[in-house]
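Please go over the structures that come below.
Both complexes shown next keep chain A, but they swap its partner, so chain B is in the first and chain C is in the second.
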Partner chain A sequence: MVGKSDVERIKVMHGAGGTMMQKLIKEHILKYLSGSNAEVPLEYLDDSSVFNGIILKSDSYTVKPLFFPGGDIGRLAVAGSVNDILMVGGEPKALALGLIIEEGFRIDMLDRILRSISETSKEANVNVITGDTKVVEKGSIDQLMLNMSGIGLRHKFLDRNLDVVKQYYGDRVYRWILDRNIMPGDKIIINGYIGDHAIALLSVREGLGFQIDVVSDAMPLNRVVNEALRVGGVVAMKDPTRGGLSNLLNEWVDKGGYGIEIYEESIPIRDTVKNACEYLGLDPLMLGNEGKVVMAVVDEMAEDVLKAIRSQPGGENATIIGEVTDKHKYVVMRTVIGGYRVVPPPIGDPVPRIC
Partner chain B sequence: MVGKSDVERIKVMHGAGGTMMQKLIKEHILKYLSGSNAEVPLEYLDDSSVFNGIILKSDSYTVKPLFFPGGDIGRLAVAGSVNDILMVGGEPKALALGLIIEEGFRIDMLDRILRSISETSKEANVNVITGDTKVVEKGSIDQLMLNMSGIGLRHKFLDRNLDVVKQYYGDRVYRWILDRNIMPGDKIIINGYIGDHAIALLSVREGLGFQIDVVSDAMPLNRVVNEALRVGGVVAMKDPTRGGLSNLLNEWVDKGGYGIEIYEESIPIRDTVKNACEYLGLDPLMLGNEGKVVMAVVDEMAEDVLKAIRSQPGGENATIIGEVTDKHKYVVMRTVIGGYRVVPPPIGDPVPRIC
Partner chain C sequence: MEEGLQIITYGDVSRAKGLKGLSLEDARAEGLRLRIVYSFQDAVRIALRDKNVMNIFFAVGFDTTAPSTAYILEKGLPDNLLIYSCYRYVPPSVGYLLLSDDILFDGIINPGHSSTVTGMKPYKKYFDYKPIPMVFSGFEPIDILISIYQVLKQLRDRSPRMYNEYTRSVTWEGNVKAMKTLFKVFNLDEGLWRGLGIIDDSAFEVRDKFREYDARFQYGLEKPSRSYSMPKGCRCADIIKGKATPTECPLYLKACSLENPIGPCMVSVEGTCRIWAEHKIIGEIYGG
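Here is the complex of A and B:
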């Protein structure tokens, strides 16, 4: 007989977007659910999957608290799911909302969340077209959680973008924008400041109570992505949510088979966020963002893409933060003081329930 | 200032598939989220929505307990979402799984659920192609809840089916199988016994503890639906989940603008389920099912469709239970003792968390 203590159990880190989550997914979820005939299947572990030209995405949202500086669970859910459809080269076309609500939840709060979903959907040029509402008895769920699934179709600028990539890389290019696409020489671009979302959440978490003037970056990235694809040369694209930049870049290295070098001094971070990280002992590279996109762009096109992104709301502070290299297979950061250090993948995002 | 007691709050019945849920959806959810350009939009409140030929469905599953006689939350989720895609005339093509897991959940239990999802997906000829895993701290959710979203495409037999319908009704026929399609004279068919799922769940609920030899009917209905559409003449189709047969038929009456008469003696119900209902004071017409479909079929085709359904697993006990009428706009049941009684829509399913 196996003692109770021998039973393996789920830990918070299993859902925190780092190496523990990867392990859970690979050893358990893929064990049972891989092997479909999708064009971009589950086992690619990319931002969305693709079946028969239709992009499909599902994300659950368990953010705490539900309302936070710069947003709420509704805005977060639309932005999060829309962005994941954009990341593979899709245009979001329709969303599906699954609500799970605790008995006793205030209906005026539900209205606020629904209004926020409506407004953010308009911003993202998409509609919620179906949904489901479940209510569970008090104590069975922490207030309200939701799922936002969505479908997308091939982005109107995706083929144009891939044609530009092919000028440089020939046929070593996939039909979709995938993590595995990164190529040595690609410049790494991010569209703005890191860490705002996680620190904004922490600032209002019960018991933490520090005052900081930073708001969540949660936003749908349609306009930034449209402009980048219109210019062309985007090889890979991913949003640094759970596990932040360090998780994202390590996933690219794992899947792409090349190394990545980033330059510490180039990484956009607000002083307030940097100070909060120092105070709380957090690594800003591991903090989740909800309105950021990281792109790997053909070297020769990087400046043009950068300029195009900067013209868009949400892209004003875009910058090149590094490049893909074939010299090693790690994520390495050139530090401000001059040396290099390896950036390991996080075990998990240090801030739980950011999305 | 408004006192705390004046704040309107969510009740369990708001999620229980009856008139209270309809009110919540119409007054709150539709207020903010209606008005898309979908072919079958949210405001039809049908089993799935359709955008640009793509059927989209999302359902969350909060069933309690997670494992029950005849199934588990995984089987339930695949069956539930697949069936809703089938109900509008779709063929399920891909699923998306959103897991929300409580810290401390046993990983071997997660494996059982994943295996069940895998097996039921195979049965339904579909794959989970994408997903998301969230873990929340102990006490924030009751063990495990999940969302199963999915996409479908036009069923290979849908046009054939609609051609048959058009022979009788001409152009008063929609491009999809919708609740609003019902027409006077249509025969109402159900594919088997009602109430099994709800009673199977109740039999294992903590504190209730009655022994009864009945298992959940949870199953994907691909084969039953395929056969019915192949024969042709199916006007409307819906699965009697939350709120059971009485909710389903009242929704048809509301949306279709005609009345429905059912015959008590024809409604398939097991003696064990009937006895349990009497013992517990439950109306079997209001109990949720997870492997049942109710069809409104052109009178002249009803016997052929019935015969076709009966040849399929899950359809062996199919029977005609009533018809659509233009004599009134209610759901009316001819009782065994001879009279008629109105079947009102339930306020909500009397058994919470059946799905």
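Here is the complex of A and C:
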């Protein structure tokens, strides 16, 4: 049964948002599917793509358990897809919902999830306007999976934002907010505490089940992004979902060609999350978030953007955590005791250190 | 009853590469039934539920995790659960370093969590043999700084001692109850340590009294230790003993790299070579 491995197979790690997934995408998916004439094409591997002025995004949701402190798979699906449209400078306009349901799934559960989708859509000022429903035989999947795709249009404040950027980086022309845009000197801003979502999920995972006063941060980020773009100076934006902050920053370094320095003491982490990480042997920088955005902002505008974000729900604890540098091409963290260490991208899902 | 085997283990173990370069996660993609747990207790729960398979708990870890396994095992396991013990006892590994005549380091910082269980006492014989500064340290940055300071101070004053920096957790006797249970269930045997080789009395083996739960006994498996040899050219052993730096290894950043690790010091995320390679840039840019 086990033994010869001359055939390469998909592993769970291939879908975990780390270097294994990057490799799979680059060596297989892009090999066959790249080469479109889209303005922001697949091969940019950004949060969304752009075709003919329309921002397009597709995302699937397989979270376990379906209900968790602070949210459920429905809220996650709306927030996740809406946020990815926002991240490139789009304004989410419509969603498409694909439901894949296991035979035997309770309809009252389905109702709860659909209600959650409806409520979160209202919060994000968007509607589900098309979709698809499939039921598969018991055992084919675990309960329920969702696909949430969406379209957006150019954000009403995007051009204003880019005009401000232009005042400082006149020689560089940006049309969208992309990972590759980062420039030395840009300040790195995050809108609040990291790790809440991952720890809230772990706390209700089978076999773990610990009591903790933390709920998932899953939320659509429309208002935070609106305010940031209204002030202007945002060069790059990305949500630190799978793979967390360390994966996000390493992707920026990879695509932007510059290094990033972050300051350990300024990264917002709740004490409870920090403690849970120590107890579970996890690195908070690698934990997924569902209501966080990291922005690279022109140095001169950083304080103004920060102030604007803080005025919005979901942005109260925003802070500057680092900056882009041309000194190297790594993510380097200045630690609380004044040392430096390289922050590597995660390989796959964070595994607890126990042994 | 048996419909095959299911391996139960910790998450970090599932990803560690074996001697043939394959991990349990790799094996799962090939069809192995693998379950990840946080504790042996969860393994018992799984065995009680998955009654139609034989469950093997692949027990890897140190004095820190072994006692909780021993505690449960002592009370008896479900019929379909066995343990494959690879638990290691830390003090003899530190002893191994101190007893070898060719060490080049001047002091030693002992692990706080392991020492919380074992206590400082098992280290006394090694310290007596080679009295160099020996500090039992916590893991917070400030703990490490204080411990380094303490080593330096003892060196300056020429007064090597066994010093407990981690007083909020470590005691001289350790967790007496845990140690008692541990040795009731396990006895010590020679154990293989990657990069170091065989160390006497450093591996926890299930005692004969409990061999009905011992996968190695039930399946007649040999211990693999004697057949292990280090990759050719690899200087991990010297590096661990402080006799060589990674740059003095002929494989470092040549045949053996972050992308293609060969020696255990590069394979492990906490290995000296990996840390040197990952943080090379720090020295170059920040003058570390």
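Operating definition for what follows: the second predicted complex is superposed on the first by the 344 of 355 C-alpha atoms of A that agree within 3 Å, B and C clash if a C-alpha of one lies under 4 Å from a C-alpha of the other, contacts with A are read in each partner's own complex, and residues count from 1 in each chain.
Heads up, the rule we're going with is that a residue touches a chain if its C-beta (ideal position, glycine included) is under 8 Å from a C-beta of that chain, and two chains touch if they have at least 3 such contacts.
Since we're looking at a predicted model, the values are computed, not measured.
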(request) Could you let me know whether more residues of chain A are touched by chain B or by chain C? (result) B
(message) I'd like to know which partner A:T335 touches here: chain B for first, chain C for second, both or neither.
(response) second
(request) Please work out whether A:K11 is in contact with chain B alone, chain C alone, both, or neither, and reply first, second, both or neither. (result) both
(message) After the superposition on A, what does A:N289 contact: first (chain B), second (chain C), both or neither?
(response) neither
(request) Based on the superposed arrangement, let me know which partner A:N127 touches: chain B (first), chain C (second), both, or neither? (result) first
(request) Could you give the residue numbers on chain A that contact chain B in one complex and chain C in the other? (result) 9-13, 352-353
(request) Report the residues of chain B in contact with chain A in the complex, numbered from low to high. (result) 7-16, 21, 24-25, 28-29, 31-33, 35-38, 41-42, 48-49, 51-52, 54, 56-62, 93-94, 96-108, 110-111, 114-115, 117-118, 121, 127-137, 139-142, 145, 147, 149, 151, 153, 352-353
(request) Would you mind writing out the residues of chain A in touch with chain C in their complex? (result) 1-5, 9-13, 207-208, 280-281, 327-328, 330, 332, 335-337, 339-342, 344, 348, 351-355
(message) With touch defined as at the start, can you tell me which chain C residues reach chain A in the complex?
(response) 4, 10-15, 22, 25-32, 36-38, 42, 45-46, 60-62, 65, 141-142, 145, 278-279, 281-282, 284-286, 288
